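There's a structure below that I have some questions on.
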Amino acid sequence: MRSMIPDYLVDVLGDVAADTSGALADYIPELAAADPERLGTAFATVDGVVYGAGDTGTEFTIQSISKPFAYALALADRGFDPVLAKVGVEPSGEAFNEVSLERDTGRPLNPMINAGAITTHSLAGAETLGAEERTERVVDGLSAFAGRRLAVDEAVCASELEHAHRNLAIAHMLRSHDVLTEDPVAVVRGYTRQCSVLVSTRDLAMMAATLANRGVNPLTGEQVVPAPVVRQVLSVMSTCGMYDAAGDWATQVGIPAKSGVAGGLIGALPGQLGMATFSPRLDRHGNSVRGVSLFERFSSDMGLHVMNAPAAALSVVRSNRVVGTGADAIRVLRLQGGIGFPAAERVVRETVSTAPGEVGVVLDLTLVSSIDDVSRRVLLEVVRRLTLDGHEVYLVDPESMMPDPDPGDGGRVSVVADVEQAVSHLSSAVGRRTPRESPAGR
Amino acid sequence: MRSMIPDYLVDVLGDVAADTSGALADYIPELAAADPERLGTAFATVDGVVYGAGDTGTEFTIQSISKPFAYALALADRGFDPVLAKVGVEPSGEAFNEVSLERDTGRPLNPMINAGAITTHSLAGAETLGAEERTERVVDGLSAFAGRRLAVDEAVCASELEHAHRNLAIAHMLRSHDVLTEDPVAVVRGYTRQCSVLVSTRDLAMMAATLANRGVNPLTGEQVVPAPVVRQVLSVMSTCGMYDAAGDWATQVGIPAKSGVAGGLIGALPGQLGMATFSPRLDRHGNSVRGVSLFERFSSDMGLHVMNAPAAALSVVRSNRVVGTGADAIRVLRLQGGIGFPAAERVVRETVSTAPGEVGVVLDLTLVSSIDDVSRRVLLEVVRRLTLDGHEVYLVDPESMMPDPDPGDGGRVSVVADVEQAVSHLSSAVGRRTPRESPAGR
Amino acid sequence: MRSMIPDYLVDVLGDVAADTSGALADYIPELAAADPERLGTAFATVDGVVYGAGDTGTEFTIQSISKPFAYALALADRGFDPVLAKVGVEPSGEAFNEVSLERDTGRPLNPMINAGAITTHSLAGAETLGAEERTERVVDGLSAFAGRRLAVDEAVCASELEHAHRNLAIAHMLRSHDVLTEDPVAVVRGYTRQCSVLVSTRDLAMMAATLANRGVNPLTGEQVVPAPVVRQVLSVMSTCGMYDAAGDWATQVGIPAKSGVAGGLIGALPGQLGMATFSPRLDRHGNSVRGVSLFERFSSDMGLHVMNAPAAALSVVRSNRVVGTGADAIRVLRLQGGIGFPAAERVVRETVSTAPGEVGVVLDLTLVSSIDDVSRRVLLEVVRRLTLDGHEVYLVDPESMMPDPDPGDGGRVSVVADVEQAVSHLSSAVGRRTPRESPAGR
Amino acid sequence: MRSMIPDYLVDVLGDVAADTSGALADYIPELAAADPERLGTAFATVDGVVYGAGDTGTEFTIQSISKPFAYALALADRGFDPVLAKVGVEPSGEAFNEVSLERDTGRPLNPMINAGAITTHSLAGAETLGAEERTERVVDGLSAFAGRRLAVDEAVCASELEHAHRNLAIAHMLRSHDVLTEDPVAVVRGYTRQCSVLVSTRDLAMMAATLANRGVNPLTGEQVVPAPVVRQVLSVMSTCGMYDAAGDWATQVGIPAKSGVAGGLIGALPGQLGMATFSPRLDRHGNSVRGVSLFERFSSDMGLHVMNAPAAALSVVRSNRVVGTGADAIRVLRLQGGIGFPAAERVVRETVSTAPGEVGVVLDLTLVSSIDDVSRRVLLEVVRRLTLDGHEVYLVDPESMMPDPDPGDGGRVSVVADVEQAVSHLSSAVGRRTPRESPAGR
C-alpha cells in the first residue's frame, strides 16, 4: 500500500497551482529574479517523518521566517526577562516594515516586525559575543532547528545590505532609545545574514516540527531550546506572525505561523505537526499567496486549528469494578488514554463518588497513553487521600507512566505488576491491620 | 475521600485574597457601590460538574463578558458572512472604549470592543425582529449558554442608560457609516440590557464550559450554537478578549478569555474546561486584578495554555502482530488513544511499512478513545487501499468509534466483534478467492 | 470713469468658470440639488463698499463658515478662558469630520472641526440660556456680522437633522467627556440650525469685512465682537480654517479663510478687506474648487498674503530741521505715514542721534495717518525724556492723532496749532527758565 | 536723550529673569554644560539698527534655528517645485524629533522637523555639489543672513555626530523612500555641521531682520534670497515653527518664529522687525522657557501680532479739490500714506464718485510713503480710464514713487513737478483740443 498523505499533498498543490496572483518581492534583484512558478509543501511529524510534494528541495532565503527561531534562541540564551525588557509581545496590526516602537520606551512591539527582529538578533548568544560570533550563533541555531548545517546565500546577503536603508533606520532608532546597545550597523549586518540563510521547504517543515515537538528536533533528538521557550514563541507567532492579517489568520487558519518574503511559510501545531509551503508570489500583506491558500486548505481539510476541540473523548475511567469478594475484595479503576487535567479531574470525581468500601484500591494505568505533570500530581493526591482514608492503594503501570510515585505526607502506594499481584499483596497487608476509619464511612 | 479540586481552588483564592490593588468601576453608582472584597472562582467541566470556591453564587452584571456570547448568537442566527461584513476580527491594541473603526468602511475592528459589540447586538436574531424582540433573543441566548433563566438588573440597566453617552456616540457613528442600519438609540438600549444580565461566577463557568464543549451546554445538553461558531468565538477571544494586553495574556496565560467591568472573568479551553472568576477591583486595562492573577495561576499550575503541547503520546499503534499461521494468518493492528491527524498519519505509516503479506488485516479500535473527522477519512482510505491491494479488511469496533464505515470507490470492510470472528470470516472468504495481487509483492 | 475693480472680478471669474471639476456635497438631497454652475465673488472694504461679480445675491446655507463667527460670539460672551478650557487651538491636520479630541481630556483640537464647532455653539450666549435661546443668540450674532437679519433654511435644517448621526456621535462623545455639559441632542439641533442660516456671497464678504475691520461691521458701525476676539479668530482661521490643507493654504494663499460645504468661502485680511466666493463643487478636502482657485488668484494678483512685507516705507521722519535762530531756534521733526512700533523706533533714533541743542522741540504730526497704542506710548516717552533733558516739547497735531497727551512722570508737552505757535510759546517759556542741563551736553 | 528701547528690553529681561523652570538639553555633554543663567535679547530693524540687552554677544550653536534659513537657501538654489516635491508644508502637530513622514511617499511633513530639515540640507546648493561643498554652501548662506562670517563649533559638531543615531535613523528612512538620494551618513554629517554653526543673539536678530526685510540683509544690503522665498519661509515658520504648540503660538504670540535646542529663539515680523532671545533652559516642547515668555511680552506690549489690524488709517485721499476756475480749473487728488490694494481701491472710488467735470486731473503723490505693485497697476488703470474719458492726467511725484508711469492702451500721463506746472501745461494742452467726450457727462 502507498501512503495517501503524499497523494493528498499533491492534490492540494494541484488545486492552488493555477493561482498566479500576487507579485514577487522586488526590492533586490535576487528576489525579483526568483522563479515565480515554484510551488512546494512539506509536513514533518514530531517523530521525524517528512511528507512532501512539489519543490521541496529547492533552496531559497529564509528571510522573516528566521524571526521566531532567532527569538527562541535569544530567550534560551538570555532568559525571558532580559528579552521581554527589550522586545514586547503585542500585535502591531501593522505591516512588517512599520517601525512600531512603544511611544515612550522605544521598545519594539513584538519580535515578528523588523524592529523587534533586529533587536532580537542582538540578544542571541552570550552578551559578550562579538558581532560575527553572534551571527554565527544564530546560523548555528537555525541549523540545529533544521537538523542540518545551513548555508548563507552570499549574493542575496550582499544585495540586501546594499538596500538595507530601512533596517539601518530602524537600528539607529533603536540605538537612540538604548534598546540596541551595540553598533547598529553591525547588528543590521548580522540580521541581514540571518535572513539570507538558505533553506528548503523540507528544512522549514523540520524547523516547524521542532517547535511542534517542544523544542526537540525530531530527527537529531537535540533539545534545541527548552519547552517554555517554544510555548512563548508559538504564542507570539499566533498573535503576531502574519502581519496585519493576524485576526483573519487566527480565525480562518488557526495555526501559529510565519511567512518570509522569499515565499516561504511555516506553521506549527503543538504536539502534532510542522508544516511548510513555498511559492514566491506575495499578497499585499507580504505573505505567499498560494502558501496562504494551502494553509487554509490544511486547516479546513484536517481540522488543524488550535481552537478545535477534539471530539469528546471516551471516559478516562474505562471501568470501575470490584475484583474478588469479602475481605479479598479490591476496587479496580482501569484508566485509559492521555491524561491531562480534565481527565485527572474525572478520575478524582469517580473516586470520590465511588467512596470505595473496599480496603484495597487499584489504579490500573495499562491503557494510559500519556500523563502530564499536573495530572501526575492530582493522581498522587488521590492516592494520598485514599491512604489517609485507610485504603491500601496499588498502581498497575507496565509502561511506567508514573515512575517513582511518591504521594508524600502520609500517602503510600505500591507498584504492582497486575491486579492479581495487588490482590495477593492486600491479603497479607489486611491480615496485619484494619483501616483507621471505615472507608465506607464517607 | 474528598476531592482535592475545591481544596486547590480555596488555596489559590487564599493566595490572591490579600491583593487589594485596583479600583472599582465607578461610572455608575451601582458599580461603585459593589463590595470590593468579593472573590470567587468556579470550574465547569465539559460533562457538567462544577467546582467552586468563594463567592460563586453572588450575582453581578455580566457586562462585556456578554460580548463573545452575543457574537456567537449573531453568527449562529445570521451566518458568518453577514456578521463578518459588519464586524472585523482584528485585534485593536486599544482599550475597550476606543472607537476603533476601520478608516474607510467604519467597520468595528472586532466584536470585543464596544463598537463591535453594539453592532453585534444588532445582528442577533432574525433581521425582521423589533428592537425589544432582539434584546429578548439575546437574553434567551445568554440563558441557554448558562443553562438557566437569567434575569436583568433593572437598576443597573437604567443607570447605565443614563450614562450611555459614549455608547450612543459610537452607535450614531456606526449608523453614519451604515454599519448599523437600525435606530442607534434603540440598539444602545438593547445592548445596555444585554450587559445588565445578572450572572453568578458559577453561571459564567457554565457558559465558558459550553464554549469549551463545542457549543453544547454540559448540563442541559442543548446545542446552543454550532461548533464552527464556537471555534470562531474562541479564536477572536484569544486575540481580542483582554483589550490592550492581548499579547501579555496570550503568552502568559494562553486561555481564550473575556472580562467584564463588574469584575467577572471567564476562560474556555476547547474540549477541556470552562473557568470563571469574580473580583470587582479592576486594573488600568479594565480587567479584574485578582481575576487576572487567578488565571495566571491556573495556567501555570495546571499547564492550561493552548500552546502547550501534550507530552508525547504513546504510539497509537499499540501492537502490530500476526494471529494464526499459514492461510489463516491474519495481521492485527491494535490502535489506542485519541486519534487526530497526527495519529492517523502514524497508522498509515505503520500499515505502509508493514506491507502485510497476510490476506486478512484487522484494525482493532477497542482501545481507541476518540477519532476525529479527518482521521476517520484517513483510516477509511487505508481500508480502501488495502482492499485494492487484495486484502480483506476487518474492523473490531465495540464502542462504534467508526459507525457505518464506507471506504467507497473499491474499498470494502467488515465490522466484526473481535479478532476471532475476523479469523473465522476470513477462512470462508479466502476459500472463495485469492488476492488480485500478492499483498506481499508491494 | 467706471471702477476697474468689478471688471477685475468679472475677469477672474471668467478665468475659473471653465473648471467643472469637483462634486456637490450629497449627504442631504437639498445640497445635492444645488445648481453646480453657480459662481460669484464679492469684496467688502473695511469702510463698507462692496464689489461683486457673478451670483452675489443667491442665498445658500452658511454651513461651516458659521464656525469662526460662532467662535467669536462664544469668546465675546464667555471670555477667553472658559472657551479655551473647552476647545483647543491646535491644527488637526485632519478632515472636517474627524473627531480629533485630545486623548485625555476629550477637548476638541480646535473650533473649526465639527467637534469644536458643536462645543463652541454650546458656549455662545450666557450660560443660563435655554437651547432655543442660545440658537437664537447665534443667529442674531451671525446677522450682526452680516449687517442684516439672516433667515434659516428650514428645509435644509430638517434634512440635516435627519442625517446628523455623525454630529450626534460627536456630541454624545463630548458629553461623555463632560466637554459638553448640556443635552447633546439639543446642542446638535442648535448647531444644525446655525449651519442652516442663509447667506449670499455679498453677506459673506460683509461678515469677513467685519473681521477685517477689528469686529466693527463696516455698514452698521456695530462693534459685533471686541478686537482681541477678532485677532484670536483670525489666528485660528489661519492655522485651522482650511482642514487638512492648512499648510498649502498658508503658503500659497496666506489669507485667513473658512469654507462651507454649500460652496461658500471667505477670507479676511486684517485692516484691509473681506472677501467671499461661491461655487458649490467641492474638492476632496471639502473646499470649493473654484473658490480655492479664485483665492489663489486674489493672493497672487494683489499681493494679499499676510506674510507679504509691504515695500519699504519712506522714513517716518519726513524732515528734521531748525526753525528760527539763536534763542528762538526750535527743532522741528515732521513725521508722516502710519506709525507702528518700527516707525516709532525710528523717531526715537532720530531724536537720539540729533541730540537737539535747541530748547524747543516740535513733533509735527500733521502728515501722520495713524498711530497705534505702543507707538503712542513710545512717542510720549520721547517727550518725557526730552523734558527731563531740559527741553520744551510741542505737539502739532491738527487731526488729534494723540489726544490728551500725558507723558507722565516729569514729562510735559504743549499741544499747539502749528510751528509758529510753538515758537511764540517758547519765547515766553524760555524767558522764564533755563534747561536743567544743557541739552547739547549729551 | 537716551533711547528707551534698550531700557524696555532691560526691563522685560528683568521681569523674566527669575524664572528658572525648564531644563538644559542634555543629550550631549556640551549642551548640558551650558550656563543656564544666560539671558539676552536683541531687536534688529529692517534698516539695520540693533538694540540689545543682556547676553547679546555670547555665542552658542544655532541648532534648529538653522532650519528656516537652510530652507530658504534650498528654495533659492533649486526653485520651489523640486523642494516642495521632497518636503511638505503641513504642520505635524508633533515634537521636533518625530519622524512625521507622509504615509505613502515618505515625504517629510515640513522643513522644521528633523526629517524635513535633513532633506532640506541635501537640497541646498547645486545638485552637483559634493557633500562638503554643500555644507560649505549652507554655512556661507547662514553667514550671509547674519551679515558676518560664522564659524562652526567643532566640539559640539563632533559630539552631536556621536549621538546622531536618531538623525541617522531618519536619514536612512528617507533614503529608503528615495526622498534622500545621496549618502545618508554624509547628509547627516553636513546637517550636523549646519546645526553647529555659532551665533550670538545679535546675529540671530540680524538673520531674522533679513527675513523681515524681504531677504535683504539690512547691514550688508545683500539680497540673500528672493522675496517670494522669504514669504514661503515665514509662512511655514508661522504654522510649523514652534513644534507641537503651533496653535498656542499662533494665537498668543502671532510672530513667525523658530527655536533651537541651545536656547535661541527668533521671530520675524514682515516689513517690521527681527527679534531674538537666548536662554538655555527648555520647556517640554523643546522651546526656551524664558524665550517664550519674552516673545509673549513683545507681542502683547507692542502689538506685534500678524493678525493685528493697524488702527484705521486716515483716508488715502488727503484732499480732493479744484484749483483754478473756468477753463483753467484742474482737479487735484492729494494722496498720502502707504498705498496697498485697499488704499488703491479708495482712490478708484474717490475718482469714480467725483466724476471730475474738469479736463485736468492731478494725482499728487507728494505725501505718499509707499506703493506696492498691484496699487501701481490700479493707479495706472485709473489714469488710463481718465484719459479715455477725455481727461488730461498729471502726476506730481517728487519722490518717484511711480517711476516711468505707462498706463498703456490709450492712456497717457504727464509727470510734472507740482500742481502749478500741471496748470500751465493744461492751458496749452486744452488750447490744442477738446475732450472727446465731456468728462462731466458721466
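Letters A, B, C and D mark the chains in the order given here, with residues in each chain numbered from 1 onward.
Quick note on the criterion: contacts are C-beta pairs under 8 Å (C-beta built on N, C-alpha and C of every residue); 3 or more make two chains touch, one makes a residue touch a chain.
Remember, it's a predicted structure, so these values are computed and weren't measured experimentally.
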{"item": "Rounded Å distance between chain A and chain B, as computed from the means of their C-alpha atoms", "value": "20"}
{"item": "Centroid distance [mean C-alpha coordinates] between chain D and chain B, Å", "value": "69"}
{"item": "Chain contact topology (line, ring, star, complete or other)", "value": "ring"}
{"item": "Contact pairs between chains, per stated definition", "value": "A-B, A-D, B-C, C-D"}
{"item": "Interface residues, chain D side, partner chain A - complex", "value": "99, 165-166, 168-173, 175-176, 184"}
{"item": "Chain D contact footprint on chain C (complex, rising order)", "value": "1-5, 45-47, 49, 88-93, 110, 212-214, 227, 230-232, 234-236, 238-240, 244-248, 250-251, 254, 256, 270-273, 301-314, 336-338, 340-342, 345-346, 348-349, 351-352, 355, 367, 369-374, 378, 381-382, 385-386, 389, 399, 442"}
